[in-house]
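When the chains are written out, they are named A, B and C in that same order, and each has its own residue count from 1.
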Amino acid sequence: MPEETILTDDFLRELINVGEVDILIGVPTYNDAKTVGQVVQAIRAGLLKYFPRQRAVIVNADGGSRDGSQELVRAASISDLQHASHVYALRTLHCVSTEYSGGPSSSVALHTILAAAELLQASSCAVVAPDSTNIEPGWIESLLRPVTRDGFDLVTPVYRRHKFDGLLIRNLLYPMNRALYLRRVREPYPLDFAFSGRLATHFLGQDLWSQEAGRIGAEIYLTISAIAGGFRLAQSFLGPRAHVEYAASDLVVAMRRSVGVLFWSLEQNGSVWQTQAQSQPIPTIGPDHELSAEPLRVNPKRLHEMFVRGVAELEPVLKSILSQATLAELQRAASLPEEDFRYSDELWVRTAYEFASAYHKAVISRDHIVQALVPLYRGKAHTFLLENRDASSEEVESNVERLCVTFERRKPSLLEMWDGRK
Amino acid sequence: MELPQDALWYKDAIIYQVHVRAFYDSTGDGSGDFRGLAQKLDYLQELGINALWMMPFFPSPLRDDGYDISDYRSVHPSYGTLDDFKIFLEAAHQRAIRVIIEMVLNHTSNQHPWFQESRSSLNNPKRDWYVWSETDTRYRGTRIIFLDTELSNWAWDPVSKQYYWHRFFSHQPDLNYDNPAVREEMWNVMKFWLEMGVDAFRLDAVPYLVEREGTNCENLPETHQIMKDFRARLDREFPGRMFLAEANQWPADLRPYFGDGDEFHMAFNFPLMPRMFMGLKLEDRKPITEILQQTPAIPENCQWCLFLRNHDELTLEMVTDIERDYMYDEYAREKSMRLNLGIRRRLAPLLDNDRRRMELMNGILMSLPGTPIIYYGDEIGMGDNVNLGDRNGVRTPMQWDGGWNGGFSAADPEALYSPLMLNPVYGYQAVNVQSQKRFEHSLLSWTKRIIKARKSLPVFGRGTIEFLYPANHRVLAYVRQFGKDTILVVNNLSNSAQAVELDLRPYKGNILIEMFGRNPFPRIGDLPYLLTMGPYQFYWFRLRRI
Amino acid sequence: MWQTIIKELTQATLDMVHGILQFLPRLAGMLIVVVFGWVIAYILKSILRTILQLARFDKLSEDAGAAQLLKRAALPSSTELLSRFVFWVAWIGFILIGVSVLGIVGLQEHVARFFGFLPRLFAALFVFFFGLLGASFFSRAALLAAVNADLPSPRLIASTIRTIIIVFAVSMGFEELGIGEHTTLVAFAIVFGALMLGLALAFGLGGRDLARHFLERRFVHERREEKEDELSPL
């Protein structure tokens, strides 16, 4: 079966000139000229400082920028032709860039980067988000060293996050991924991560690239694929995460990419997650969580409002997804005033599992199922904000841990729903 | 045969560096001599070289392999007599081989009569011929060159109870070039040999002639002036002779030694040499092109001297710390191979006895702008013995055949000045001239062919160079031009096959003719010229418009 | 006089019986054809059903999402549906042949016209069916989008879209059937046009600010005072 060619002729020519490398760092961009210059300089400094003797390349996969992002990446290359005399390097460092078709998509970018890594036989690879403005050269070492020296196949990051940042991860992705796939990966949807050439080849051979999941959520599938394939995972503490702007509508997109793909993955990997075993921690370099508690502007009232409205307006949709009991409880909860409202861990876990099961059975269009989860998640986020408003980072962490345990404890109910009775 | 009378003969020279003691023993005393060297001139002529540079052969206590001289106007008895030398010189000239000898200007042995006189008392007329001091604190901050053996540049003389200055071993006191008598005497020494017919001098350790307080005592303007004076006298009295400078300095500091074409004719390009090895290991041309980019242009009548190895350690003085660590880790894993900020190994062991790499490095040596030097024994791929002290590991006897003492000497093996190489890989039975002469595909035969190719066109010695910078950084490519000749040289520095696209648009319309097989390659068009190369392969193309 | 009447009546009765006797064989022929046709159609249906079951047609249609649609429309499974459809088409074909055997001229013409009408009937049913499905899909999509984008009255938007699509499908169906083509079409155009005009006026005049607000949020990327919080979920 002929594969689609994702490497254009021009890009292939550039890759031929780069030749075999030891380290490949991929940077996906789309109109990121404001931040990518600084990010690429930090990457370069990291390579020169920690891996001066290794053959390295920076590969940029661009979604069609019109603001010169590609040129900024290319300008970082070090060769005998560019007299960048203030930078000392033992070797040539190529920085190549290609534009992939079909509009910006981080998954297509990842696909391109993986293909380049395989072609160049890179044994260690990393991907760095173009807006990681908090990046230090040391991040390159923290991400790559476990791969180059210790033989790990996937290194996900651990960030110093604000205690209210990444709520979708902490309330749904991390606990559910942990309960189902049995690995305590704090950032299952990583934006800065490292992986081995072995995992790259394995992942390229997976059957997701021609499907929807391959276009929107390859990152989380990479984590799942690594777990399912028996690869060695680790996580490495990097530093504070750069704050990324999110608008209300982006939440739907974020859900599709992460939760949607997570649900979809359950179809393909039944043999991996359909067990009753306990989750295991993965080797962690540095602390495995760090929370800060600066003041942050939040609007819990709005979250609660959107939850209530969601439950009310989406009743016909929720009816086909949730069990009667769960829906009734939700409606009861929605009827309470804001001060008394609480989306308990138990109820949330039941909600999540019932949604997963409904997705599996495709009771209605799968994309609609994912969209329907959004207002419910908002309710859970509201509860999280309120519970942890004055909490210390240790207390927050233990609350998250409690939620994880609940997800793991109720896993059998998902297994039951999956096969037979709804 | 007559010596070609060309004032710029050194631009077309191919120099063979030889150790008289190590080459051929005709007397049976265990050590090579001039008569022996004369007997081997046919071999050298057949090899194709046209200039011979000998290591110091003046009388000497031999505590620094002859660089500690105790008499400037004679020959060390173990190499023969002055007459033997004259006979040898005549024989060389008959074979159109020029002779370059060492002239150690900077210092003498402490056994030299001058020093004996100088130290004898504070009032001796020759007292001022050396650099004396009450204290050892003058010229503080000057670097020590033989780091592994010396702790200071001053040594205490118990006879005259003062310190004397020595940039090298403590038994090699520095001459005082501020003294006009010294300068005059050294000119007379040179004149002695020039009148005999010697064609050129390799002037050892020239940067260190003059010291001044508050400087690093290297490359001082006074030193340059002294050399210019010598050169002026040379041109006046002995036109067509040549000065070759040994100055291990960064390119910018080397340039002044050429003056305005009125100082040295040639200088060794020290900074380039370690970077050639580095580029090969890194599989990246960047170290090579960058150092050559930094190498300044030199006057028309001047020439660089290029070499891969010589009698000294492969010096890593003129590289950064990161580069030095890399070179040590890649080329000298065992500490015993390292000496004085360098690596004391021969070419073949450095390149893992890999024939392809040896050919590639020689190919680059022969095609870069400059006069190449072949170190004796490297044309057959001799090995080294790191267990011999100092730098003697690379100065073992020449291996002529697989018989008694490798054909070097009729003496008992125990009487040889140095043990022979015996191991199965580099020993004289495996590596020797006799067996390599018989085969067309031996390293020796190949070296003859490449020398012939190099000599076939003056472009290599006299032409300009322009680097091409193909996107494939593993390929080193450049164009040499002189008159109507244009040569394209492409080198694959990597261990794996490579594809490279060259931008040859300025040469559009030319056909490439590969110089060794003389086969034509496709004509250059508008598109980038694609070449595919095997591991460590190189091409020399002649561009012809037909 | 009486004799003439009785003679005429007898003649008429005899004619009628004669006619009936002539008709009966043809009627019998028609019935035979119809029964025969039923048997053939039944066999065809069974064969098709077996083939489809072997080819797991149900699974395929489930993957394509058709199964869900059918269940919601309270229709039997795809295999069953297709088999029955084939049965009816085959049987009706035989009925046609049977009717032509009857030889009743006028009836033949009507039957022919009826069968000429059938494709259009199918097309109209097709349009209705997919219109219904499309209506429910798009109205649900609109509902979800509206809820998640926090637009006002999501249910209203959803039902409006459902209604519009259904009305559109119905009028397309009627046009296909040829029933009151122009009437329904014009009526639909009027209603739709009025709706749009009304919305435009409402937006343009009354909802000017709201419209600008809405457009800004959709198309302008700088969200300064718009953001309600600084949270990022991922």
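One rule holds in what follows: contacts are C-beta pairs under 8 Å (C-beta built on N, C-alpha and C of every residue); 3 or more make two chains touch, one makes a residue touch a chain.
Note that the structure is a prediction, hence the values are computed from the model and not measured.
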Inset, instruction - Indicate which of the five shapes (line, ring, star, complete, other) describes how the chains touch one another. - result: line
Legend entry - Central chain (by mean CA position): A
Inset, instruction - Could you find the two chains linked by the most C-beta contact pairs? - result: A-C
Inset, instruction - With chain centres taken as the means of their Cα atoms, state the distance from subunit B to subunit C in Å. - result: 96
Inset, instruction - Using mean C-alpha positions as chain centres, tell me how far subunit A is from subunit C in Å, no decimals. - result: 45
Inset, instruction - Compute the distance, rounded to whole Å, between the mean C-alpha positions of subunit A and subunit B. - result: 60
Inset, instruction - Could you please specify the touching residues of subunit C with respect to subunit A in the complex? - result: 65, 68, 137, 140-141, 143-150, 154-155, 223, 226-234
Inset, instruction - Could you please specify the touching residues of subunit A with respect to subunit B in the complex? - result: 13-14, 16-17, 19-20, 52-53, 55, 79-81, 83, 88-92, 94
Inset, instruction - State the interface residues of subunit B toward subunit A in the complex, per the touch definition above. - result: 282-287, 289-290, 293, 320, 322-323, 326, 469-474, 494, 496, 498-501
Legend entry - Residues of subunit A touching subunit C in the complex: 164-169, 189, 191, 243-249, 251-252, 254, 258, 296-299, 302, 306, 309-310, 313-314, 316-317, 362-365, 368, 371-372, 374-375, 381
